[in-house]
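In what follows, subunit A forms one complex with subunit B and a second complex with subunit C.
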Partner chain A sequence: MLVTAPLAEFCTLTIDEIYGELPSRIYASLLMRGRSTIQQLAGDTGMNARQLRHGLALLLQHNLLHYHLDAGSPHYFYEANVEHAYNLARTGKILQMVEETHGAAAKDVMQTIILTGLTRVGDLVDAYQNRIDRMNRIKEKLKAEEDPFGNGVESHEVNGEPKPKPTPQSSKSDPLISSIADLNKIIYKLVEAELLIGVHKTSFESPEDLLATIESDIQKTYPGGEVKGNKAKAEYKDKVAEALRKNRSESRSLKRKLEQNGLSAKRRKLFDGAASANVMCINYEKCLVELRNRRLMHYAEEAFGQTTSWVYASLLNLLSKDISRCRDDPITDHYEKDEEKPAPVVVTTSQLLDVLKTSLDLSVGLGQVDADKISVTAAEKIAELPPRKKFFIDVQAEADANASSDDDDEGEDVKPATNGVNGVNGTHVTNGVNGTAKRVDRRTQLRQHLLLLSESTQGFLRHCGAEEWTVDFVPLMAALRQAEIDATIENTVGREGVRLVRMLRAKGKLDEKAIMSVALMRKADMSKKLAEMHKYGFVQTQEVPREAKADVKKSFFLWYFDGTMALERILDVSYKTMIHSLQVLDTLREKDQHVLSLIKRSDVKGQEDDKLRKIHKEKLTQFLKLERMLLGQIQRVDDLVAVLRDY
Partner chain B sequence: MFRGGRGGRGRGRGGPMMGNRREIAQNSVPWAIDPKDGIFIDGKPSDTYPVWNVPKPPTLTKKEEKQLDYFLIFREQAHDSPLYTEPPPRSKDSRKRAYGQAQINSRYADESKATIDPFTAIETYSKRFERKKRTLPDFSNLPFAKEFFPTELHATLDGLDDPSADRKRRRTGPKKLAVSNITSYGAGDLDEDGDEVNGEPDFRKALELLDNVEKLDGEDAFLSGEEDEWGNEDEDNEDAADAEAADQYEDESEDDYNAEQYFENDDDDYGDDGGDDGGEGVF
Partner chain C sequence: MAAPNSEADQAKLQIFKDELYDTIREHGSETRVFSQADLKGLGVIPNNDVRILVDVIQMLTNEKLLIGVHLPGGELGWKWRSREDAKKYTSLPDEPTRLVYGEIDQAGQDGVWIRHIKLRINIQDATLKACIKFLESKGFISSMTNVEMPNRKMYIRADLKPSERATGGPWFTDGELDEAFIKVIEGIIFEYIKTRSAYFSRGTVLPQRQPKKGVVTGDARGVKRTATDISNDDATPAPAPATKAAPPPPKGKPMYLPMPAGYKKYPTVNDITEFIHNQKVSTAMLGVADIQALVDVLVFDGLIEPIQVHNRKGYRVVRPTKQDTVSYAKRQQDRESHPELGDIVLGPPPLSSAVTEAPCGKCPVFELCQEGGPVAPSTCVYFQEWLGLKEPAVATANETAPL
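What follows is the complex of A and B.
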């Protein structure tokens, strides 16, 4: 991630917002000066070593720093981990995502882990055990006092049992996690989903340091420590990539350990032994994959409607089980030979049909017309054009969830552009008629949705083999990024602006007159629009002199659209908007400081309604409303940033 | 006379009288060269208060509201943790533009006798209810995976990174992780619609309330503030309670933020802790 000044400031402010002033000051200095030792930080920030040690320990505990120790050197170098700092602002989204996929109890555990930072499994289990015990005690007490508060807490039998069985009536008032077995299950689930990963020795190395260490290690194996010749260089590159991948897979060792004894009966005792010594933390990379799925579902919903988007969401869920990160690292994911590349993940129609909820009515969302009619026309249309690809039917691939490699190679050859035609295959539909009539119907409807998705211009889906579907994330996200840029331009300068940008994108660099002839606009309007867009950084100009003696009056001025520059410009403005929101929030806080300090008092907390005066209540309500608006704005802008930068 | 109108009335008008904005625009932008339909440059001054069309964002969706709630509660829990450091109140001019790192740093050290607000600095009864402000994170009661930290930070994580720790009793309790009890942000009571902010069952709210009641049982504990929210959760433990009380006492004498000693002990405490009584640096 390119760390620009606004991004650095936003990260600093976010840390200040969540963890307080001391760490944010250190962080700001680290971002400003790059990697530093404690001594250098002391010189820069004017803090003493004790403060710095405390601040750095805090930052490390929350996984916001890299550190590195050169062999033989007494000084540790600390470096800011900007990705993690930025992702702090996404905590709300991540928690909501976890709740949606894994339930409220999992969200609770996740929240505790984000809050703690690096968490030892044993400590976490102890903490929850503590809370469970305490709650049981309180329940007993409550029962003894026979609910003197009348606040609706239903007391029920617990008697210190390790796992109280919630009755239907009392389930609402039950704690989220009522036993350690539940907790273990949740931890297992989250680790399995890769939302939690183990921390290992090199977790805190910055990518650059890691690469340097690995490179120097591998260089030593060559004679003279030098890599000579093209073949050796390619081999060397491959070795480095392999070492990096090996290092990366180490964080998944926790998952592997759990999978080895992952039988449900054993899960309860899973963390009693050596496993409880494991340290874990949140895996933002995987969280981003999940958030991307949600975003894609949102796009699909905009394009095709709800039912199709739900189908798409289930498909993405299946797909992303094997996807660990949104973007591949160019060095780590470098493969010398194409055969070594991991096969793209594929989902079959049957798999999808199995996971789809039966309550989901697939006939909805395919248009107002009769569902039968549409399926017939679609099948007929395709039957006329039997593409070459549809004839390879790999039975094994159908059966095997992880499709075999030959099949995938074939699948890769299918260009997304040809998908529209190669989709529905009449014979396949009839082939599938093995189960009951209703099932076939559902299957056909599902196929309709899938075909709809694969025919989209954005390329939501690719029909990569018989009954096999995959998503090409790179071109898809590029298309969506472009759509977002266009939307931003439209909101900023209006429709004519987008029109001109699209033209420039299609034609490349154009002179004024050429644009005029293509755009069919009045020159004055067009020039004004172009100048406006130039001001916002959406289009650029290039001056090409007509003669050797560059005369401004005689030069050509070529207008062009540069996607990367426009994207960076939008990102820059986005960061600044977020910074501004946080600054405004800070000012508001200062303004209402006396009220805010009042509600933090221990005698007022929780009973604001009784203890506060009316005027203070009004001020507080107003402040909370404004705070929500500002932070909500940050979240919205972050949605855009995520699409443009991270997904 | 033609004034304030279209630019590009021909190229021969470059006299000294016309060396104004229009003239510059005429020569520098390519479209202005065209005399017929060059761009219209308005020579009028702009309005003092132009109509500013402020775009209003649409209201948050239900999902976004939920995400926001979770973020706010997360933030509240983080602020409640012993690792949160709250800044002392700043003077107004700390927001002024700073030139250079030295000036930025000086913003953070402006707590002295001269900047104390005489209206609030006097100890009053209600001060007991105020949240203790921490200037350094308190690591002493939390467990850490020390093997992943640089060795130079190990003492800090143990809560031993204190120059006066040898002379005075160390403030280390049992190292225990605790689950935060905070379940609401802002004034949950003020919410008109009355649903739980985080959508969780009301059990935990009851827990919070009962927590307070339990504290009321021992009046002292209640008055001591919320120190026992984290770390020491088992109230059965008599020793822990005693230690808590002792800590409380120590806190009074050995304030982390002792403004009076700011100038007396200006040096940073690299290793030397002798010489001055109670000599803890102030940060």
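What follows is the complex of A and C.
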């Protein structure tokens, strides 16, 4: 990840927001000065060794640092882990995702792990044991007194400044996790879903250090420590990739251990024994895959409506079981030969039908037309290979390419039986009526939705074999990224602006006259729009001299759209927007300092309703509302950042 | 040529000349170029005597009945000109005027820039002006504008219509882009594609629950929202992403639905052109290429997308479920009675973008904004307005300097 100044500032602010000033100052120094030893940090920050140790321990505990020890060197080098620091901002989203897919209890466990950072399995079990015991005691007490009591159960101990986080749960409701067996089941589930992974000895190495270590190790096996010749170089590259992959798979050792022991009775035993020493942490890579699925579902909903999008969401859930990360690493996922590459994951129609919610009515959400207006061969077309690299397909060229293979398809394809949703007699019978008029096979209905997704220009789905479906994430995400960029541009400069941008993207570099004739816009309007977009950094110009003298008056000025530059620009604005939101929140907090300090008092905490004066209570609700708005906005901006950068 | 029988020769040449001219006219249109071999092949000149031929051609050229042109190989060739046109030349008073007229004549439908005339025939400014004035007064030439180069003073033969390239095609009126006309045709095309490429579900399950009021709100969706509307919308906390438990779309609501895969009847450009012809919306001839240009603009606007089913390249509307279900004609009528609704905006509102929703995305002083700077987030009025802490500033002074 490219760490720009706004991104660094945002990460520092986030750490400040969550863990307080001490770690954030150390973190800022690490970001600014690069990797440092503890002595250098002491010099840069002016802190004493005790403070530094505290801060570094906290940062390490929350997996926000990389460290590296060179062989023979007495000092550890510390480095900021920007990815994890940024992911702190996504905590809410991840918890929500876990709650929806794995239940509230799983969310509770996940929340505990996020709050405590790296957690030994044994410690987690102990903590929950304590909590369960306490809960039981309170219950007994409640039975005796019949008096509702505050929710002290939920407050977790966090190093650094403990931050009050109101949790909706109160002791009145039943505890989410009532026994250690439940907890084990949940941990197993989360580990199996790869949302939790084990920490191993290279977990804290930064990717660069890891690569350097592995490379030097492998270089040593070559004569003279040098890799010579093309063949050897290719082989070397392969070896490095393999070693990296091996290292990556180590984090899954916990999952493997659990899988070997399969049965639940044994699992319980496992945590009692050796595995309880295992340290777990949250696997952001996999969380991002799940979040991406949700984003794609919304994208599909925008394009085709809810029913189809739910089908798509189920499909993505199935598919992503075997997907560990959103983007392949160019070095780690390098395969010398194509046949060594792992085959893309596919889902069959039957698999999907098995997991689809029974309450989902598949008969709605699609138009109904006569069978003879549908070309079955076109709809059922199977594309065995992913689309070519260039995503913006020229439809005309595509037509010519298809012409030869599909020539004699025109007259065929009246197969009403396969036409499922549309099979009913009526030409213009409306939806609801149609659904009840004749029962169509659910499988056929499902296929209708899948085929619609496959036909889409965005490339949601690929019909890659008979009854087999897969998603080509790279082109699909490119399309989504493009859609997001376009939406941002449209919201900034209006529809005419985005028209020009799409035009330049499709046609390349154009001069004003050419743009004018294609865009059907007045010259003055167009120039104004282009200048405005140039100011925002959405379009660029290039000067092409007509003759050797390069006379400006005679030069051509070509406008063009550079997707990468626009993306960088929008990312930059996004980071700054998030920074500004946090800063505004800080200002608000300062303003209401007196109220906020009140609720931190131990005698008020948990009983705000009773102890606070009315005016303070109003201020507090107002502040909480604003805080929600600002943090919500950060989450929304992060949705955009995720699409542009991570997915 | 011997002097004594010059008179007889002259008469003879006169006959040859007329005959050659007539034969040439029979052998091709005004644009055909005849080489010397072609002229010999006509067989008008006895024994194909080159000297006679040359003399005859000279006479025809002098009378402006033939135009000499250079062929690629360096040879000379000739095109014929009608007698009426030639007469115009001969009626002109002097050589410069004839030359100027010749340049304008040669440019044909594209017209010629006055500076080009000057450069080509190397003539004084004053003379040129006089010539032009004379020709205009005679009604031989007229001035014209070219949409590609609107600032150039151009002239064209009065009896010719400027070419499409010069006028810009049917989307231009008097050299100006006719935006109102384009908007109307765009609206019609979009409506046509929308209704033909998506399935209209009336939602007949609960017809009685479909009040008139709903139509009006649906109509308001097409209206451009004001800035205050938007900021009010944003004031509500960002909604959490919908969960799977969300209810299915209410069945009583009319909406457009996507067509199933493999639908063969997505309208093509030819269909659209035919439709526009049959509707007789315009007296201007709108060809397939013109309609294609407009359809392309709709594609670039992100309102429709090309879709290929077999070899048929049709167009379909994007995001069908978000489309306005009120017909274009109805919306137009509403606007006639309520002009305050403003222009019709085609298609659904754009996808929301989180960055532009926050004040920063549209902030005029975004680049300057920094804690400790003259403009800082902690003192930002836009944020305070957005959070509802402050009424939107009425005083313009506040807006320009958010301090």
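Worth a mention:
To be clear about the criterion, the second predicted complex is superposed on the first by the 545 of 647 C-alpha atoms of A that agree within 3 Å, B and C clash if a C-alpha of one lies under 4 Å from a C-alpha of the other, contacts with A are read in each partner's own complex, and residues count from 1 in each chain.
One rule holds in what follows: a residue touches a chain if its C-beta (ideal position, glycine included) is under 8 Å from a C-beta of that chain, and two chains touch if they have at least 3 such contacts.
Everything quoted here is computed from the prediction, not taken from an experiment.
By the touch criterion defined above, A:S249 reaches neither subunit B nor subunit C. Contacts of A:Q542 after superposition on the shared chain: neither subunit B nor subunit C is touched. Of the two partner chains, subunit B is the only one that A:A57 touches; subunit C does not reach it.
Applying the stated contact rule after C-alpha superposition, one finds that A:Q96 touches each of subunit B and subunit C. By the touch criterion defined above, A:R628 lies against subunit B and subunit C together after alignment on the C-alpha atoms of chain A. In the superposition on chain A, A:H580 contacts subunit C only, with no contact to subunit B. In the superposed model, A:S73 makes contact with neither subunit B nor subunit C.
When the shared chain is aligned, subunit C comes close enough to touch A:M521, but subunit B does not.
Touch criterion not met for A:S216: it reaches neither subunit B nor subunit C.
Touching of subunit A by both subunit B and subunit C, each in its own complex, is seen for residues 96, 491, 522, 628-629, 632-633, 635-636.
Those residues of subunit A that touch subunit B in the complex are listed here as 17-23, 25, 38, 42, 44-51, 53-58, 60-61, 67, 69, 76, 91-93, 95-96, 99, 104, 107-108, 111-112, 114-116, 118-120, 123-124, 126-128, 130-131, 133-135, 138, 141-142, 149, 151-153, 172-176, 199, 201, 203-204, 279, 491, 512, 522-524, 527-528, 531, 552-553, 555, 557, 593, 597, 599-604, 606-609, 612, 617, 620-621, 624, 627-629, 631-633, 635-636.
Residues 27-31, 33-34, 37-40, 55, 57, 60, 63-75, 77-79, 81, 83-87, 89, 101-102, 105-106, 108-109, 126, 129-131, 135-137, 139, 143-145, 148-150, 152-153, 155-157, 161-163, 176-180, 186-190, 199-204, 206-210, 212, 214, 225-226, 233-234, 268-270, 281, 283 of subunit B are the ones touching subunit A in the complex. Across the complex, subunit C meets subunit A through its residues 148, 168, 171, 176-177, 179, 182, 198-199, 201-205, 235, 237-238, 240-244, 246, 248-249, 251, 257-265, 293-294, 296-297, 299-302, 305-311, 313, 318-322, 350-358, 360-362, 366, 369, 371, 376-380, 383, 387, 389. By the touch criterion given at the top, residues 96, 100, 294, 298, 301-308, 310, 313, 357, 361, 364-369, 373-380, 395-396, 398-399, 402-403, 406, 409-410, 413, 419, 421-422, 430-433, 448, 451-452, 454-455, 457, 483-484, 486-488, 490-492, 495, 498-500, 502-503, 506, 513, 517-522, 570, 573-574, 576-577, 579-581, 583-584, 586-587, 625-626, 628-630, 632-633, 635-637, 639-640 of subunit A touch subunit C in their complex.
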